[in-house]
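For reference, the structure I am asking about is given below.
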Amino acid sequence: MPLTKNQIAQRIAQELQSGFYVNLGIGIPTLVANHVPKEMAVEFQSENGILGVGPFPEAGKEDPDLVNAGKQTITPLPGSSYFDSAVSFGMIRGKHIDLTVLGAMEVSETGDIANWKVPGKLVKGMGGAMDLVASSENIIVAMIHTDSKGASKLLKKCTLPLTGVRCVKRIVTHLAVLDVVEGGFLLKERAPGVSVDEIQLATEGRLVVPKFVPEMIF
Amino acid sequence: MIHKKVETVNEALEGIQSGMTLMLGGFGLCGIPENLISALAQSSFENFTCISANVGVDDFGLGLLFGAKKIKKMYGSYVGENQEFERQLLSGEIEVSLVPMGTLAEKCRAAQMGIPAFYTPAGFGTEVALEKELRDFNGKTYLLETAFQSDFSLVKAWKGDEAGNLIFRGTARNFNPLMCGASSVTVAEVEELVPAGELDPNQIHTPGIFVDRIFQGKLYEKRIERRTTQNP
Amino acid sequence: MIHKKVETVNEALEGIQSGMTLMLGGFGLCGIPENLISALAQSSFENFTCISANVGVDDFGLGLLFGAKKIKKMYGSYVGENQEFERQLLSGEIEVSLVPMGTLAEKCRAAQMGIPAFYTPAGFGTEVALEKELRDFNGKTYLLETAFQSDFSLVKAWKGDEAGNLIFRGTARNFNPLMCGASSVTVAEVEELVPAGELDPNQIHTPGIFVDRIFQGKLYEKRIERRTTQNP
Amino acid sequence: MPLTKNQIAQRIAQELQSGFYVNLGIGIPTLVANHVPKEMAVEFQSENGILGVGPFPEAGKEDPDLVNAGKQTITPLPGSSYFDSAVSFGMIRGKHIDLTVLGAMEVSETGDIANWKVPGKLVKGMGGAMDLVASSENIIVAMIHTDSKGASKLLKKCTLPLTGVRCVKRIVTHLAVLDVVEGGFLLKERAPGVSVDEIQLATEGRLVVPKFVPEMIF
């Protein structure tokens, strides 16, 4: 069974390690925060200027001066801090963030990512995505393997305008976990019940298939 | 103590002219200079070039300036959420230059701090790098980015004193401190204006030297863009 | 919350080795990491390259490291006030590279913030500009300066929490916040260490992400270099 | 009568204007703070990280965490603020400081300044001086016109290693007030009772002497 979006987030949460500072993009990545094991010390940064992002506030306790990069109202956790946008992106550029999780429209077999612009469609802007992908050393892309028409989003070469080059390290889709390696997408894990052939069929870029590809474990 | 307090928003905006370049603090609707934006929207000035992270929503924030057709060019990073902006962009009424958010922040800070240019990795290999100078440092490629140049910075703080010192609150800090002193004239509106000496000098986020005029704002709406709660 | 507290100065310095490059906060004797300096002076490690604004006095501050012959190269800005340092410099035991103070500060900040290089006007037309790349922006000439690269940052704050957040006090702030996160490992000693959640997140000068280890310092002497009073 | 050091500072204080942020160097410049008219709104910056420097503390109230760039204990005035050294030099570099007063060993007729290094003598370092002279648009040099051997310190060309080039706007010495202009040192004012000839004799660089040179007024 292909994963739900929530399961993709759940699988990505397995990549977290105690002590990680993490930046989560909008969409599936946001859901990762719901799957952090209670005993794990992880802090979430939101690039508009908070470290230690906590849960949404109780109804009636929303504070207009406390939002995340998605402009949603949030709460701070003990040990949190606020800072300006230059410091915030300094954390990102200076490699102080240990893990970045982003959505993508396309990823290439060399780790290029396109996630901000579709020619002919109205552009909303890159926001902080270009800073994040150019700076982070540990980038996981969370996405559905194929687009709404069934076409692969894991390509030899991106067709859309790029957000960054040679930066994606790992991809978690509804079908598989793949690493970007010399030679293409290395198939690391299959979604439960999904065959290597199905993944091959959904992958336009070069897929490197080891002898044994385990199923994901939740 | 050098006195920065002015009484009215009009005094605060004295000298502003059509065609000028303005920096506006805020992230979405969070930490925006509401009083200054309203006054500008109602003024006779127009054809502004604006530098701000976002473009507000249709009826609030920078959206008020787009609604009043005051902006001809926009430097921003994320410009979704505003249909009137989209309409003007598609019809060619306005021009937009998109800047990675960290680069936008650092270009403001560079202007403030007298750094004419710096290198950043953001945008390498993308269309942002077109016509930018590239250079390798320690095996990685960076883009040369230059400081913004602008005429007025319009910012919003939580507390301020008559010497122009500012304290921001929560994530309403965002771009506001970086724009102070980054233009020829910096105007700050605050929710609470106190006499000099009442703020702890150790807790000031922006020293008064970066602020030219400060005034007590009125009737803050502080609209929430995406109200999210634990049990919606 | 990511826990940064360590119990002892030795734990705080784990991994330090002879020959490493160290950043040390402080301006003169103001805001210096007293406990870390003492521990280093008494350690078996040596041949450090140090980055710090000044060199302390003979029997305090960085002077303790010169006294113990721990430093082989010094990047600093003002190196008066220390006779043992002068002796070692004249005898060729140590090497010194002098950096304009604003450039020193910005080179630390650049390392912290992932900016590999920037332009500054300081030193144009002087021997500081020798072998530096020059470039004009808007009719003025600037020098290209690069970020420092170093192994350990040793800083001192007033208050800190177990998440590594720091608050400095008065002019003891100086270079300390700029060195946090500017090296591979950042160690902060504080006068008062509190549990996470006790510091107001709005008043934190250095977020904990820039600090790897934090510990409660002991027996602060906080020596005054030039005691000046109104009626001496 | 040539001016005392204190009178040089007093004359420089006349250059202050309400609303000025001022950085005073060590030596004679420090004395300028003693001559600010009570009603004038001037704030002093010390580049180690304070704006709004007040008087020395009362005995017994010295605070080791409150010093100026000369490492002297100070007090803050109402409206003061503390900041890190990057912000402090940002104020300087960003031209937010309205007036810088510095001592000098030599000044050239083109406005070059040398004040940090004497070959053969132990170097103490430039501290913030190079940042100040490279950035400030309004630099006044405070110094004795001649050195201890009577040799002029206002030269055609500096002989000592430079601190900055073409930056000094005005010089106040114990003999005269001079502006650096196209063509040399423009003699603006004489110390009371000091003749143009005396000043000419003490000036190696080209002196531009207007028809009438008034005496300084205190």
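We just call them A, B, C and D in the order they show up, numbering each chain from 1.
Throughout what follows, a residue touches a chain if its C-beta (ideal position, glycine included) is under 8 Å from a C-beta of that chain, and two chains touch if they have at least 3 such contacts.
A quick note: this is a predicted structure, and the numbers were derived from the prediction, not measured.
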item: Contact network partition after subunit C is left out of the picture; value: one piece
item: Contacts common to subunit A and subunit C (chain labels); value: B
item: Pair sharing more residue contacts (C-beta pairs) when B-D is set against C-D; value: C-D
item: Computed distance of Cα centres, subunit D from subunit B, in Å; value: 36
item: For subunit A paired with subunit D, centre-to-centre distance based on mean C-alpha positions, whole Å; value: 56
item: Whole-Å gap separating subunit C and subunit D, where each centre is the average of the chain's CA atoms; value: 29
item: Between subunit C and subunit B, distance of the C-alpha-averaged centres to the nearest whole Å; value: 33
item: Sites on subunit B at which at least two other chains make contact; value: 106, 114-115, 120-121, 168-170, 202
item: Residues of subunit A engaged with two or more neighbouring chains; value: 50, 76, 82-83, 86, 89-90, 92-93, 135
item: Category of the chain touch graph - line, ring, star, complete, other; value: other
item: Pairs of chains, among all present, that meet the touch criterion; value: A-B, A-C, B-C, B-D, C-D
item: Interface residues, subunit C side, partner subunit D - complex; value: 27-31, 53, 76-80, 86, 89-90, 96, 98, 100-106, 108-109, 120-128, 158, 168-178, 205, 222-232
item: Residue ranges of subunit D in contact with subunit C within the complex; value: 46-50, 55-68, 70-74, 76, 82-86, 88-90, 92-93, 112, 122-131, 134-135, 161-166
item: For the subunit B and subunit D complex, residues of the former touching the latter; value: 1-3, 111-115, 161-163, 165, 181, 195-197, 201-202, 204, 207-210
item: Sites on subunit C touched by subunit B in the complex; value: 106, 110, 113-121, 135, 137-138, 140, 142, 146, 167-170, 201-203
item: Residue ranges of subunit D touching subunit B (in the complex, touch as defined); value: 18-21, 41-43, 45, 50-52, 76-83, 86-87, 89-97, 135
